[in-house]
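Each in structure tokens, the structures are laid out below.
Across the two complexes that follow, chain A remains constant while its partner is chain B and subsequently chain C.
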Partner chain A sequence: MMRARGLAFWLLLLPPVLWLGLLVIVPHVEIAVLSFSERVGPRLYEFGFANYLEFLKEPLYWRTYARTAIMSVLVTAITLVVAFPVAFYIAKAAQGATKAVLFLLCLLPFWASELVRTLGWMILLRETGLVSALLQATGLAAGPVELLYNDGAVILGLVYGGLLFMVVPLVNALDSLDFSLVEAGFDLGGSRIDVLRRIVVPHAMPGIVAGSIVVFMLTVGNFVTPALLGGKNGLWFTEQIYAQFITRFNWPQGAAFGLLLLVLSSAIVWIGLRLTGQGFGETMRRG
Partner chain B sequence: MTNRRFNLALAGALAALCLATGAEAQPLRLLTWADYAPKDIVDQFTKETGIAVEVTLSNNEEMISKLRATQGSGFDLAQPSQDRILGPQQEFGIYKPLDLAQIKGEQFIASMLEATKKNTTVAGKVYGVPHIWGTDGLVVNTKLAPNVKDYSDLCGAGLENKVSFRTKRPTLIAFAFAAGMDPFASYGNKAAYTAMMEKVGATLAACKKNVKFFWEGKDPLLAGLRSGEIVAAMAWDTGGWKLNGELPDIKFVAPKAGALGWIDTFAIPARGRNDKGAYAWINFNMRPEIAAKVAASAGNFTASKGADALTQGKLKQQFQESFPQAAIDNIKWYPAVPAGIEDIEGKVLDRLKAGS
Partner chain C sequence: MRRPPLRGPAIQMTEIADLSLVRVTKRFGAHAAVAAVEFDVARGAFFSILGPSGCGKTTLMRMIAGFETPDEGDIAIRGASMRGVPANRRPVNMVFQNLALFPTMTVGENVAYGLACRGVARGEQEARVRAILSRVGLGEFVDRRVTQLSGGQRQRVAIARCLVLEPTLLLLDEPLGALDLKLREHMKIELKRLQADFRTTFVYITHDQSEALVMSDQVAVMNRGRFEQVGSPRALYRDPASAFVAGFVGDTNRWDAEFAAADRVRLPGGALVAGRRFGTASAGPATCFVRPESVALAADAAALAGLDNRYAGEVVSVLFDGANSTLLVRALDGGFELRATLPQTGALAGVEKGARVQFGWAADAARIYAA
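So, the complex of A and B:
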């Protein structure tokens, strides 16, 4: 009996172990090994730190790295600010069918692929696009307006892409908020700000943290949106990785960049958890 | 129904199945450029030889990267440009030498075949034969940007946010020529080449105010030119002529500094499994009547001897307008890129793309 259960246990454990091992751990180990190899001649590679030194020496690379990090944090913050009222309305104000419909409306755009959604933004924002035409027709702009190919467009696209992943955990977290607590807060003379700051936000914290982690991870590793909406100055770090692997044939350098991106996102998530005083495990359970 | 009849039918079905699988056993996996393998040509090839063709569209860098990732397997025939074979072959060994006895050399324009063979020879073995050729130059909306005659004119005043080029090596080469330098002469001298590329990089950085976007695929570029959002671009002749057919104001201009001439080749990946099919495809494609059809589909020219006479009037007329004899003589043909050169260029391009 014991042995049979043991067997079932190991069999059940097999898929996740294989999944993690073959698709996550093995590739990362390989990437790590690759990132420490230096090209010394045609088909000759040696162990060394040149790829990481290159990253530190060349301002271009770490600037892109820092830019990607800062913009990703910004995108996460904006997404949170936009998603919070939406989530609050869905969780607390909307009732019955309205609730389901509103939730569905949030979900709907994600039935199309990311590429299609991004191309949709391009149609809207380009110089000969819909928004530009509208602005001209209403007399708000004298000539064609180019809204694409700048950082604003990238942030817009990324916030749009991350919205759902922020709304869902927030709705989950806010759902359990007992409204009598809010009323008690008002009864005790708290202002709207006080109630939001000391009752609603602390209650929603696990949702906020979970949503922020997901949105941040998706943003920092995004490739399509910055590549298509971004301008001639707006390189995302993932584009650097792609360039090293595909157009420069420099796999060790690309591998080093990939590993650095992993370190960056892990570090920022860790800092975020520290600053908000949340445990990772708790967040994942409640979020 | 008698048992015997049933057996007969079964045997017949089995035989048919064997024949069918025999014919389709080894498809030819072709790694090529858009429009190089139009459907009707593929169908005709399959009908003649019984070999099915699986087409994968790509570009020079992706071809090298794909083949490198698999050490030359996954495809039976690739079509890199002639200057991009030597370096990657030395570095990654992704191709196998061609057996020239299997290729009908008499179907090629002799001078082009010889030049390509010479440029793609590594350690005494030939790795590529020519297929399609064309040039990189300027696609200009002559009404909106009448003064663009050379690459450097893309950076001129009055074109802010209205031009486009690629962040790829041809751009660096072109702007070096436009500044009166000869990058090809410095291929052998890394220090001189680095200095030259850095100079070009600075020119291009200053030119960025004119760039609307750096184009990657040709479709967004053509859309931009069509709508007038872009008035001048460095691009392939074929794109210019295609637009010229729709909008006569848009022309392909051979730049003063010289158009850049490229030749796309046939090369066999190191672990290709269907060499027979690959050689059959090469010989089939170099037949003048087939080559003329493919050339028309790609909007370019072919290395097939005699296909020229079969090319339709429109393309010929556009070619003559864009390329007077002096411009033809001024075409800069890419010499083979030695290993290491692309690292220098890569850094300059990265910096250009990332910007301030």
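So, the complex of A and C:
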């Protein structure tokens, strides 16, 4: 009996172990090992920290690194602010069919690939694009306006791409908010701000944390959006990794960058959880 | 020479009511949930609105709290019209049906919420929270989570959370509905005690007549958006103004009948019942009510000689419930059944099903309303 249960247990454990082992642990160990090897001659490598020293020595690298971190936090915050009212409306104000339709509308853009969606923004924002034409037609601009290739365009594209991943956990969290709590909040003399800050947000906290983690991770690791909407001003850290692996063919350097990016996103998520006083396990369970 | 008292009864008569409603109407589409309701609640009173579900009492309460706006009429609290005043600016607090305690906060934080919203300093908040919690007997629960409390304790937190704000009016929306019977009985006494203790005006809505009768100074019976009668529990019980009140307040026997004379009706089985008539109509269909405790039971007819209505009957069943025991009796030639209170100390205490009994009641105890 015990043996049979033991066998079933190991069989059930096999897929996640294979998944984690082959797709997560092995590549990362490989990358970690690779990142600590420095080239001493043609096809000759030995252990060393040269790749990490190179990162610190070259301002372009660590500035891009810091820029990616700050911009990603900013994008996550903006996504949260934009998604919250949308999610509140879907969860608490919309009823029945309207609710489903609104949810579907949020989902709809994701049927197109990220590349196509980003190209869509380029069509709207470029010098000869729709927005520029509109501004000229209404007399708000004298000549063609270039709206692409700046930080604003990059943030816009990233927020757009992250919205759904913020809305879904927020709707889930807000769905369980009993509306009488909101009424009680007003009844006891709370203003809209009081009710939002003291009742709605604490209730939605697991959803906020879950959504923020997902959006932050997706943003930090994004490649297409900063590259297309930011052009050469995009300066996203993933572009540096791409350049090392593909353009420069410097795999050890690329591996070091990859590992640094992983450390960065883990550190920021950890800080975020500490600041909001949420446990990671609890967030994943409830969000 | 003695000076006249400053606050004599004469002065209190003219005192402004804590709550007064003037022809308040609320429509949902074509349906009037609340139709031209008018009443005053005196300072310090325990006022109940009693009605079946769907009678409009919740809508009425939500209008007083400020969550709904009346289509017509006006609501005034201590003489000040509440028109255009949002819920968070009214001197009214509400205990919700599900209590609506904030689950993300501790007991102390729940009670402090309203004070914090008013900008009361932190130190004073803490002192007032502790004071009110110890007054409701929850002194040592300040740091507990609300989910760790029992039903009765949660109830008291919900009330403390409102009373700490010293409202003019406390609204209670069927707060005992979710409790089990024993606790409900206990909380009735507890609520009455709290109300007497704090001297705050309570407006309590319920569909449970026992809750309304036990706790209130005044009860309004509401049906289909209107008030049928407003009065003391005793007045409602003794002198119901309408057939609805007679049937809804207290336990009663009810028959559909036909007027035989001005104060006499014929039941479908043919029996004649003498009673007191309410209203002007004295012909056509009528409804007749007799309370079980008004029915006298006896082993032989001679004992009931003084009563206007006397019948010989057979016990259909004995509904034993201690002091609330009743008999279900069928009249032998009247063809009707009724419930009669069975005193557990009398000669008939041991009566069995199938036994012959005599029963009857005074004309004054039967109420006849034109249907």
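FYI, the second predicted complex is superposed on the first by the 286 of 287 C-alpha atoms of A that agree within 3 Å, B and C clash if a C-alpha of one lies under 4 Å from a C-alpha of the other, contacts with A are read in each partner's own complex, and residues count from 1 in each chain.
Keep in mind that, in the parts below, a residue touches a chain if its C-beta (ideal position, glycine included) is under 8 Å from a C-beta of that chain, and two chains touch if they have at least 3 such contacts.
Keep in mind that what you see is a predicted model, and the values were worked out from it rather than measured.
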Clash or fit: chain B and chain C on chain A? fit
By residue count, is chain A touched more by chain B or by chain C? B
With the two complexes superposed on chain A, say which partner A:57 touches: chain B (first), chain C (second), both, or neither. neither
Touch check for A:197: first (chain B), second (chain C), both, or neither? neither
Of the partners chain B and chain C, which touch A:243 in the superposed model: first, second, both, neither? first
Just to be sure I read the superposition right, which of the two partners does A:181 touch: chain B = first, chain C = second, or both, or neither? second
Distance in angstrom between the closest Cα atoms of chain C and chain B, superposition on A: 46
Residue overlap on chain A between the chain B interface and the chain C interface none
Complex contact set, residues of chain A against chain C: 178, 180-181, 183-191, 194, 198-199, 202-203, 205
Along chain C, where are the residues that touch chain A in the complex? 65-67, 86-89, 92-94, 96-98, 100, 102-105, 113-114, 116-118, 161-162, 165
As the complex stands, chain B meets chain A at residues 61-62, 64-65, 68, 88, 90-93, 161, 168, 208, 211-214, 227-229, 339, 342-343, 346-347, 350-351, 353-356
Give the list of chain A residues in touch with chain B in this complex. 42-43, 58, 60-61, 63-64, 126-128, 146, 148-149, 231-235, 239-240, 243, 245-250
